[in-house]
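Down below is the structure, laid out as structure tokens.
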């Protein structure tokens, strides 16, 4: 009797685990059914390596957006990951309890602010600042809506994910590691950075992956502040369009091949993310074997 | 857009109505060109009417908008960007215009509904609704209302231009039922007013408005998810082939806007074309 | 000469709600082994941790009194990390870091600035030999320390503590997870080490205390009931409670 | 009596600073950590301050009237909808994600192909932009399953979206539960189920809740995916099949044509408040469960 | 009568890469205390865990041979949870659940279907008394078990194992973290329990083995070197290695 329950539940668990596979398969089907024929029509090389995007003339090249996505995400990682991990360490191991009572809800709140709000904040505060300070005072030019602004914004937006996942995994590290290090005469900082944090590596990595996922997939905020010019990225302080922005911006009015080309953009994005994840898990497997 | 204008700038505007001209300066420096996204009704009308779109030798239409133009798909982002950048220029629907930005006269004509109606201001786009052949009784009655004198008055009261100049008064059967209207976010504000107007005369009707975008509106109408689709552009061939019938319910003027600090008040259509094709990139070079 | 001089030490947990150590006065001698014995929960571990300020980590722990190390107040201006380098510690439950065996041992020396590979190799080997575990692990220094058996882990921890060359070694039941052979090796080692180091050890094993310690302190409910030469404590304890406890072992 | 204790084991700030002179590296690390935290807090203060300054002056009673119309643009129905949508999405994604994580940690064998597949797909889900979720949801739930624009379609779409977040954080939380708990429970003759539900999951609750809170953030903040699935009707929901608009969608709609921007900021203030309240409540629930 | 009959048992870790138990053949007697002794890493814990199939949880662990409990093959069709109810276990490191003391003890009985508050209260009290810890915890049954000292925790775990009223009690160095008074209480308890139960105990403490066990098995590198009456093993071991080990204790 009990055994039946155990077995049934085991399969229930298994089914749940397969939910994400099912979701991906369904999304895949939908994307591929609409996107792949379009790619075929446009020509895979013209599509992936084309430097021009002119839907009005049926020219669909998404290389600028692929590069744009890579640059902006890299920028977000450069800005968001170090700050996020360090803040997670602060919250888990440095924060006085009184401050923590304020910090914790604050970070959770940061996670709950909708992208649109971030977008308006960026538009009204960040863009003018970048335009006036970097663009005009330092002479980099540009109207403020740029790759740099988008990177900063995304860097901020991935903070709460990295911080909360990182913090809880640092907290989960047994205290005996920390005590052991202190007893060897290590300072608090050394114990934390060279004993506790490495032990929380997998959790921190999970946070980063979730964060990068958010950075790649984020749109609402990015389209407000990135400029969105459909051309090859021209510089840090010039506008840029990402794959996701391209989809969101034009989906509203796109029809026929134009629409399918946008869905094909999503296919590319999808494959892109899949590749990154496969790469990650490969690296991780290497790491555990070696 | 954004409240920066809504709140702070509109205040500034009201208490400094007179010294507005004084604080405004002749623009200098690089022009920040802001455009709408490819395919949007606003952009379509804009590039066509200013000659930014040209036919090439083979007769195909080429959109010559400069690649350096910032692109947005959102009216309020456009307004906020222009309101925040003294060197910016952009264009928006007349219905959305407020004091946070300044609409330029084009070839001497002021951007008002009046001028669009009497054809002195040429830049406008249509608001369309679309249905399949199978229109429910309730939906048809609502459409009748929209196209009636009452409905068209609501359109005009909200800053748009009536599509049917002298429509007959509404004399519908006021059937009960649920009507789902879906599509363009540009059409939605006026559709909400129409809904409220209609529900006042026909309390039995239940109207649901789904705001998304023109294409989604058309698709929803085709697939039957909604009864009436809204589009702020002309219907595409593929859509009419799928059985949709379009109906113009209003016209919307398009205003060329600049920052309030910009001293310019007038612009010619050639200048607009030069700016948007990238021939002129600096305010000082503008003739 | 006395290495640690503890006077009027009181320790409270939970912000004063629990009085764990009561007016402790002890002189712990240099280059000797001092054993702390007493029933579970009497405060042995607590006192041990007060000697290298590990109790500072416990929230709501309050200490009054004085603890002098070589005449210097450890709760005064002494650098806490240098104190802990000088006063090493081995815990009740083995707590190897989740790193390779080599990195576990090298952690302390690296902390204190030793970077040279040659020197580190030497320290690692010497410490592991001292802790009687070299032969078992010499072929798998690069493997994770978490894969070892409990006994091996504890000896690794002892080796790790030795690697920073402390002056004093605090051991909290270091052999409770060890088999007799390793235990006797560790005991031999302790006896060997006391030539140069001061050792303070908590133990539940009466024989161990009797066998290797020079002085013994018997604790009961947070108080030192009796402190003196080990021989004297085990042969003719002055206090009735001490006698009961020691003989109770075999009762 | 308690106050009479003058502890000697409290380091004064001066002593702490002095101790860094021996360890300049540690000082730098501490500085970095502090700086990062400061940056984070400053960012938050900036953003929240910005929203409050823009929004609070526009908070008027009309915004909270029971019925929405184009005059008062009331956000009251949207508030209710947001709460319903959050609860409904979590009801779907929560059990699914938690049970899936349980399978991955407690049942699947190391190096299991299925596990790596699940992991890769879950991580892929995190990277899919919400607009694609929206289009997918519209095509699948709204059209193919004939649910129409409905709360249910929206909730399912959001559930898929936050599923990986819940799965991943739960997995981490489960992994950090010491194996000794499992051994002890099995050693007493408890089966896997009992071990999981009575011993392991309760110890993992704080970790799980951090995932739930992240998910709530995403649900409450989502717009694109909802516009195409749950629709934008600003009325109180009659059933899970009625179309609804959440606060974020409401705010986006208000802002998008530039007609009601001030009200949009007021909505943002309320949105923040709701996120705060939801976080606070879930924190309390987590603590309750943990205490048992 | 023999309770456990182990024949030709071989156990491999890491999918066969490590041969941890080699051809074990043992008859463990009912209502006796059997002690497993041997140096660290020789496989004592491993064999113990094979008796209630805790090794099933270790990935890559492979077992061949036969283990009969009352003549029934435990690796056959026996329900694994009932097996573990019949064969209780106390681990080397104390591992209380992060719940209240009461809930820790009640966990087992509840698992096996006892819901009545009165019955549970009774079982909790009895088990805690048997484990010689009732007096220390009776006023804080509702507090978390994690706040107890190491020794207290271990006794709690013993109480927890007793609460399901097993037939056999496997103990992996159950007293290594205990003070002598609790140890002797536990030892007394073991002696008391063997009237009704079969006890198998891993220990590093020679005296303990000598004092309380009826039979002793000496392990070396995964093999049983010698098995027999405790008295005989300690007074005149047949095998030279056993003798070395036992006397090495005092060498």
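Quick notes
The first chain written gets the first letter, and so on, giving A, B, C, D and E; residue counts start at 1 in each chain.
Just so it is clear, contacts are C-beta pairs under 8 Å (C-beta built on N, C-alpha and C of every residue); 3 or more make two chains touch, one makes a residue touch a chain.
Treat the numbers as computed from the prediction; the structure is a model and nothing was measured.
By count of C-beta pairs in contact, A-D exceeds the other of the chain pairs D-E and A-D. Centrality by C-alpha centroid: the chain sitting nearest the overall protein C-alpha mean is D. Centre-to-centre separation of subunit A and subunit D, using mean CA positions: 16 Å.
If you average the CA atoms of subunit A and of subunit B, the two centres end up 34 Å from each other. Taking each chain's centre as the mean of its C-alpha atoms, subunit A lies 51 Å from subunit E. Distance between chain centres (mean CA atoms), subunit C to subunit E: 29 Å.
Shared interface positions of subunit E, defined as residues touching 2 or more other chains, are 81, 93.
The multi-chain contact residues of subunit A, meaning those touching 2 or more other chains, are 2, 120, 124, 174, 187, 190, 248, 251. Multi-chain contact residues of subunit D (touching two or more other chains): 19, 23, 178, 191, 255. Those residues of subunit A whose C-beta lies close enough to touch subunit B in the complex are 54-57, 119-120, 123-124, 127-128, 131, 141, 143-145, 223-224, 227-231, 239, 241, 248-256, 258-259. On the side of subunit C, the complex with subunit A involves touching residues 52, 54, 57, 81-86, 88-89, 91, 93, 95-99, 107-108, 111-112, 157, 160-161, 164. Subunit D contributes residues 109-110, 178, 180-191, 194, 198-199, 202-203, 292 to its touches with subunit E in the complex.
Chain contact summary for the complex, subunit A toward subunit D: residues 2, 5-6, 9-10, 12-14, 16-21, 23-24, 26-27, 30-31, 82-87, 89-91, 94-95, 103, 105-118, 120-121, 124-125, 156, 159-161, 163-165, 167-169, 172-174, 187-190, 193, 202-203, 206, 209-210, 212-214, 216-220, 244, 247-248, 251, 263, 266, 269-270, 273-274, 276-278, 280-281. Chain contact summary for the complex, subunit B toward subunit D: residues 1-7, 74-76, 78-79, 92-93, 95-96, 98, 180, 182, 185-186, 188-189, 192-193, 196, 208-212, 216, 223, 225.
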